[in-house]
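Accompanying notes for the structure given below.
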Amino acid sequence: MIVQDFLASASALMTENRDRLIDMDSVVGDGDLGLTMSDGFKAAYESIKESDEQDVGKLFYTAGKAMSVAVPSTMGTLMASGLMQVGKTFKGRTEVQTTEYAALFQAYFDGVSARGKAKVGEKTFLDGLFPAISAMQEAIEAGMSAAQVAQAASDAAQKGFEATQGMIAVHGRAATRGEASRQLLDPGAAVAALLMKAFAQSVS
Amino acid sequence: MKKILNKPENYVNEMLEGLYIAHPDLITYTNNDVRCLVTANKKEGKVGIATGGGSGHLPLFLGYVGKGMLDGCSVGDVFQSPSAEQMHAVTKYIDSGAGVLYIYGNYNGDIFNFDMAAEMADFEDGIRVESVVGADDVASAGPTDLGQKSTRRGVAGIVFVYKCAGAAADAMLSLDEVKRVAEKAAHNVRTMGVALTPCIVPRVGKPGFSLGEDEMEIGMGIHGETGIRRGKLESADQITVEMLDQIVSDLPFTTGDEVAVLVNGLGATPVDEQYIVVRKINEQLGKLGISVHRFYVGEYATSLEMAGLSISVMKLDAELKTYLDAPAQTPFFVQL
Amino acid sequence: MKKILNKPENYVNEMLEGLYIAHPDLITYTNNDVRCLVTANKKEGKVGIATGGGSGHLPLFLGYVGKGMLDGCSVGDVFQSPSAEQMHAVTKYIDSGAGVLYIYGNYNGDIFNFDMAAEMADFEDGIRVESVVGADDVASAGPTDLGQKSTRRGVAGIVFVYKCAGAAADAMLSLDEVKRVAEKAAHNVRTMGVALTPCIVPRVGKPGFSLGEDEMEIGMGIHGETGIRRGKLESADQITVEMLDQIVSDLPFTTGDEVAVLVNGLGATPVDEQYIVVRKINEQLGKLGISVHRFYVGEYATSLEMAGLSISVMKLDAELKTYLDAPAQTPFFVQL
Amino acid sequence: MIVQDFLASASALMTENRDRLIDMDSVVGDGDLGLTMSDGFKAAYESIKESDEQDVGKLFYTAGKAMSVAVPSTMGTLMASGLMQVGKTFKGRTEVQTTEYAALFQAYFDGVSARGKAKVGEKTFLDGLFPAISAMQEAIEAGMSAAQVAQAASDAAQKGFEATQGMIAVHGRAATRGEASRQLLDPGAAVAALLMKAFAQSVS
């Protein structure tokens, strides 16, 4: 995988889905998610796009820091934390094997959950990312190709996102809705699905 | 959008430029970033206290940086958190070896960024950072069990936390002690608000919600978060009684308690109306046998030009009283 | 009408009740009439300073009664003069043999009543009373020839007159001397305002005029009196330059002058916008070689919940600077 | 003349003309004139209506003071000043002869002009009262009856009021209109016409 390609795809996809994310976040939140995600991933990508740094970890860390400066919102800071944790875990590495994809996103997951202290099932970003990691793990164990592993993750993330309908929100602004939040899709989980789609695009 | 501004995207920075021009004796900035606001009178050996949060709430948050209160504030865009990097820069500037206490409102974005900043300060500079979160809005969620993280929003009551912690730090208490005082203040304060009109975020250009010409919303948050109930506008006395009842029964405040009361305008409400509310609060608390040591009345935590007000009540003990009464001087808060 | 009040006819008295509850250390009332507000810290042998005027302008007028500023204020209904009898009662209370100075705004009703009160105080009690009238609103009329009575309205600039005269009285100067200082301050201050929205007098219940959604009125008076021009809302920088030009050319203020600047919110305008204006004022005055000794920013003279602001500039000399910088403490104005 | 009758008439007429005065004052001013004049003359009347005081001067003075407390507005205070000056001038007197009517209203005029410092021709209350006093003087010199003297004054006051159209305002809120004030009738002068009408009613 090439970090630049992944973040270029992510930036493009967030920009494409900007209005959709704004609309989703407007239902329960303040509607900033489309702006923060498109601005944030753009900043992340631009911070490394011309870098000749070979260290994958350093690239992720730099991108995460850029994201945190550009969009210090809830999701902005969570995404920054994910990227930076990948950076710390993969520091010193110049390549990432297909078999390590699950570990890479597990690091991302760890960064987000250490920062946000949410658990799977609480209707957040994590509910999009978590099934993607499991799917990756299975695909890797089944010996699939990089593109196949990534595509499996992307499909699983999308399903995970869809499954947030039915969960009760316990974090962020949606939480004040209590039981009424159940019928809604979580916008943060939509970001997870887009992120895995971007990954799939970048390794195919 | 009826605002006196230039480009909406320059709203915060131009406001800050004006602020540094008007108060050069009290505040300055660090890191070459106007959004990293710090005291101009750093006191060596003192615990540093930092806050931060979105703009649009003046005097909150930055208005309490000065002598005897806070030492630094990172400033976000309107209703947006500042970044961890900015908080980290403020932390580095205000630390003088005794450590730094963060006091900020209970909002996701702020929490995540302050936590990240605390890690940076620890990791990169070896600065010890502790945090106390303001979560005083009775209307935003139920009470929290001991040891549990509150899900209540932080609103105007944080000013009491700033004041007490600021005075404790000024008395050269240790970081643990200042934190203890801040936590005690935070545990003893409850707030409830009422909104009459929405406000307009400059970059958005239109109100975030609407309220009918004869409507009010009890319990609305300072960014327009949904409150407890929306209904027909009632009399000042009725509104006061409803809000005060919720506040009093929450802690609960009881006969014999001594309290401080903060009546806070949200932006467009004339202070006359706030004094009409003071009158009723005094009557109601008097009936309950609760005595008011001090009233604060005015704008302490606004939502741009929202009309409405909030009431905060803090239960006092001898220690909190001493710190509340101590002098302080900031661009927006002067007490002799 | 979105106001937090009980009966409109009780608006002023209930506000006053709240005020006495909140600030018992600083203010009280005389003559058994809450509208006869006086200092709680009468200083024997000092010249007494009284003001008065309609309600709806808080902190004006009563908000400046306290230590180091004013000693009494008679309080009228919203936008209405108090009575000569009330002014007389205040005069009697605050006199301690050194005489009393009246400082008030240039409005017919107030002038007639203060004159009548002065006659009563002279005739019935043998108290010597002198008067200085604030007439700082550049927009309301042309300049006045020496010795002529100004036809300009009094607006926020009177706060500078209060401050300087109050400090002079506190320094135990004679009535003649305090009057001289007040007159000097009044002669050296110029104000200009801009309004964005109307306000609603509680007993009237509807706005006194209307302004289009994209309109502003430059020079509007604090009761909604017609200004210099109505036009499309412009940028903060444009508005500031237009108002400042009129102020500067009026005195005129010139290169080398040292001034104090008061940026005053009319009620609903967030203080952020006022700081954006501070930034431009500083830039403009800097270009003209005029230096700002002190900025005051906030709400000093409001029109209920009107949106808009005013700029006041006072030319300083060594004496005015000393008195401006002296400490003062009132419910709405604290300076160390 | 009986002070009580005069002020009872004045109070009734101001109340009758309340809306007309509000409307007139709304054009250039703040529209309070109808309220202040009806409230003010009511307070003046009520302060003496049950008094058994015989001193005409004291009655006028008491009425003036009541007016000044009740309505401390521009016109309220001017009317109070007029009444109080009559009080001072006629102190100690228990009766007023027809031949003294002009002197009585001259005292009223003096009270108002001492307080307000306006001159005849400056589009104020005085422009209604001044011609009434002249007409009284002439009628007295012509040996007319009390009712005729008072009626002459009332007619002259009404003409004086009408003649304010054409004058430029130099006092009060109307003054800020400058040249544009010329076409308007002065509401204060309307009060003068009502006052003289009340006087005519009370002596007829």
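By written order: A, B, C and D. Residues from 1 in each chain.
By definition in this document, a residue touches a chain if its C-beta (ideal position, glycine included) is under 8 Å from a C-beta of that chain, and two chains touch if they have at least 3 such contacts.
A quick note: this is a predicted structure, and the numbers were derived from the prediction, not measured.
The fewest steps needed to get from chain B to chain D, moving only between touching chains, is 2. Centre-to-centre separation of chain B and chain C, using mean CA positions: 30 Å. Separating the centre of chain C from that of chain D, both taken as means of CA atoms, is a distance of 33 Å.
Rounded to a whole number, the gap between the C-alpha centres of chain A and chain D is 83 angstrom.
Residue positions of chain C touching 2 or more other chains: none.
None of the residues of chain D touches two or more other chains.
Viewed as a contact network, the protein chains form an open path, each link joining two chains that touch.
The touching residues of chain C, counted against chain B in their complex, run 2-6, 11-12, 14-19, 21-23, 55-56, 58-59, 194, 196-197, 213, 216, 233, 235-237, 239, 267-279, 282, 292, 295, 297-299, 302, 304-305, 307-309, 329, 332, 334-336. Residues 76, 79-86, 108-109, 112-113, 115-116, 140-141, 151, 208, 223, 225-226 of chain C are the ones touching chain D in the complex.
Chain D meets chain C in the complex at residues 30, 32, 65, 68-69, 72-74, 76-78, 80-81, 115-116, 171-173, 175-176.
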